[in-house]
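In structure tokens below, several structures.
Below are two complexes that have chain A in common, paired first with chain B and then with chain C.
Take a look at the complex of A and B:
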């Protein structure tokens, strides 16, 4: 299924066409429970031929830079605009993955995005699910795209 | 049945049959404060012709008590067992609410559950037209179950 390749291609396309920030993809992490030290995340559920959860996780300054670039405005705190932007990016990423899988005859349906923000939170998925985390580097810092999935 | 009644019935039924705890529904509200402190939230996406999220939010002390009753083992703080139990509980609640909303079983599919926990975190829903939260009393403590649906 080449999850990592689909995720990085979709992310690169969205950043190039919608957000206009240069980014570099780093080596995927496959370990379960990294504490990514992030302050804003957005997640969306996917269902259909397999079950999954797609998320983006950003330290505050990276989330603000991404949201600001997408909205074309300066953001200096994590507010509703930042949350909406990150939620919308997750929605677009999930839509892109859905298309990439549909091209191979694997059908997926999307739920709706939720944003998570705060000074200290952790996110976990059922033990036993697969997880792939891809770090991306922007000038301002690193963010992560995270896909947890179960192929049952 | 409206959504609040569907949530109340599903929650009572699952707590009584799976966890052997009696819970009482209080008056439904719409959550206006996105912030949670020292809590855990289990969430499942609903995808398909109806899109949304079903969540359960519990203060940490209530979550450990519920997990202890659910798994039949003593837990004292939020650990992997609690995350798995609360994620599974969200999954069962989402399954029951899905059956109430979509008796044919063909319109909605559930995504993978996830849990978010921490000292302070906020959860915001993007694109939520409908949002119903039902608080429950459990032996003098409180938790809530929330259904968010996109308007389309």
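Take a look at the complex of A and C:
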């Protein structure tokens, strides 16, 4: 299903058209998936021909940079604007994946994004599910796009 | 006389981004109004003179499709053109939106040029 390629292409499109930050994609993680050292995450569920949870995870300074670039203003704390901005990224990313999969006859429905923040948390996938984590590098630091999925 | 646009989206961030894209597209609006869902949009349309509406589809309380249906049943506002701006731009949902009166659709993420190309003919 080429999950990684679809995630990379859609993320690059979002950053090129609406965030205007230079972005470099790195190789998907093979270890260290549960402790990404992040302080803000936004996630959205997908259901249908497969079930998935798609998320973006950022250290605070990266989340602030992304949110600030989207809004065209400086952000100095993780507030509702920062959470809303990252939620919109997951929404657009999920929409892009939905469209890419629909072109191959795989149909999905989107849920509503959820955002969490904190100084320390771990993100686990249910046993039996698959997980892809792709790092992306900005000048300010690294963030991760995370897809946990199980084929129906 | 300048125009008035109503941006309908449950995301404050997205409303700001759409406002910025309108400015970058060079479309001259006198006033940019905002609403957080379909019901708020109906309230704004009832109280203001609006030339065009840009609306998300997936919203709480009243979705973009529900908003289109309710608007089409109100003679006072039914002729105001609506363009959908959404991550949901599959043929099925856009067909539903157009059947309910939407004049076009823009997929998120979008560029100011795409907004201009879609909105320009309606103004």
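The working rule: the second predicted complex is superposed on the first by the 148 of 152 C-alpha atoms of A that agree within 3 Å, B and C clash if a C-alpha of one lies under 4 Å from a C-alpha of the other, contacts with A are read in each partner's own complex, and residues count from 1 in each chain.
Just so it is clear, contacts are C-beta pairs under 8 Å (C-beta built on N, C-alpha and C of every residue); 3 or more make two chains touch, one makes a residue touch a chain.
What you see is a predicted model, and the numbers here were worked out from it, not measured in a lab.
Determine, under the contact definition given at the top, whether A:57 touches first (chain B), second (chain C), both, or neither.
Once the two structures are laid over each other on A, A:57 reaches no partner at all.
Look at A:14 in the shared chain and tell me whether it touches chain B only, chain C only, both, or neither; answer first, second, both or neither.
A:14: touches chain C, not chain B.
Does chain B (first) or chain C (second) touch A:131, or do both, or does neither?
neither
For A:43, is the partner it touches chain B (first), chain C (second), both, or none of the two (neither)?
First partner only.
Please indicate which partner A:112 is in contact with in the superposed arrangement: first for chain B, second for chain C, both, or neither.
In the superposition, A:112 contacts both chain B and chain C.
Taking the superposition on A as described, I'd like to know which of chain B and chain C A:71 touches: first, second, both or neither.
After superposition on chain A, A:71 lies in contact with chain C alone.
Considering only the touch criterion stated at the top, classify A:95 as touching first (chain B), second (chain C), both, or neither.
In the superposition, A:95 touches chain C alone.
If we overlay the two complexes on their shared chain A, which of chain B and chain C does A:81 touch? Say first, second, both or neither.
A:81: touches chain C, not chain B.
Can A:148 be said to touch chain B (first), chain C (second), both, or neither?
Touch status of A:148: first partner only.
On the superposed three-chain arrangement, identify whether chain B or chain C touches more chain A residues.
More residues of chain A are touched by B.
Could you tell me which stretches of chain A are touched by chain B in one complex and by chain C in the other?
80, 84, 87-88, 91, 110, 112
Please give the residue numbers of chain C that touch chain A in the complex, ascending.
11-14, 16-17, 20, 58, 60, 86-90, 107-111
Could you please specify the touching residues of chain B with respect to chain A in the complex?
Per the touch definition, chain B meets chain A at residues 35, 43-48, 51-53, 80, 83-84, 87-88, 109-128, 148, 150.
Contact residues on chain A for chain B in the complex?
Contact set of chain A toward chain B: 42-48, 51-53, 80, 83-84, 87-88, 91, 108-127, 129, 148-150.
Spell out the residues on chain A that touch chain C in their complex, using ranges where they run on.
Going by the criterion above, the answer is residues 13-14, 17-18, 67, 70-72, 80-81, 84-85, 87-88, 91-92, 94-96, 98-99, 102, 110, 112.
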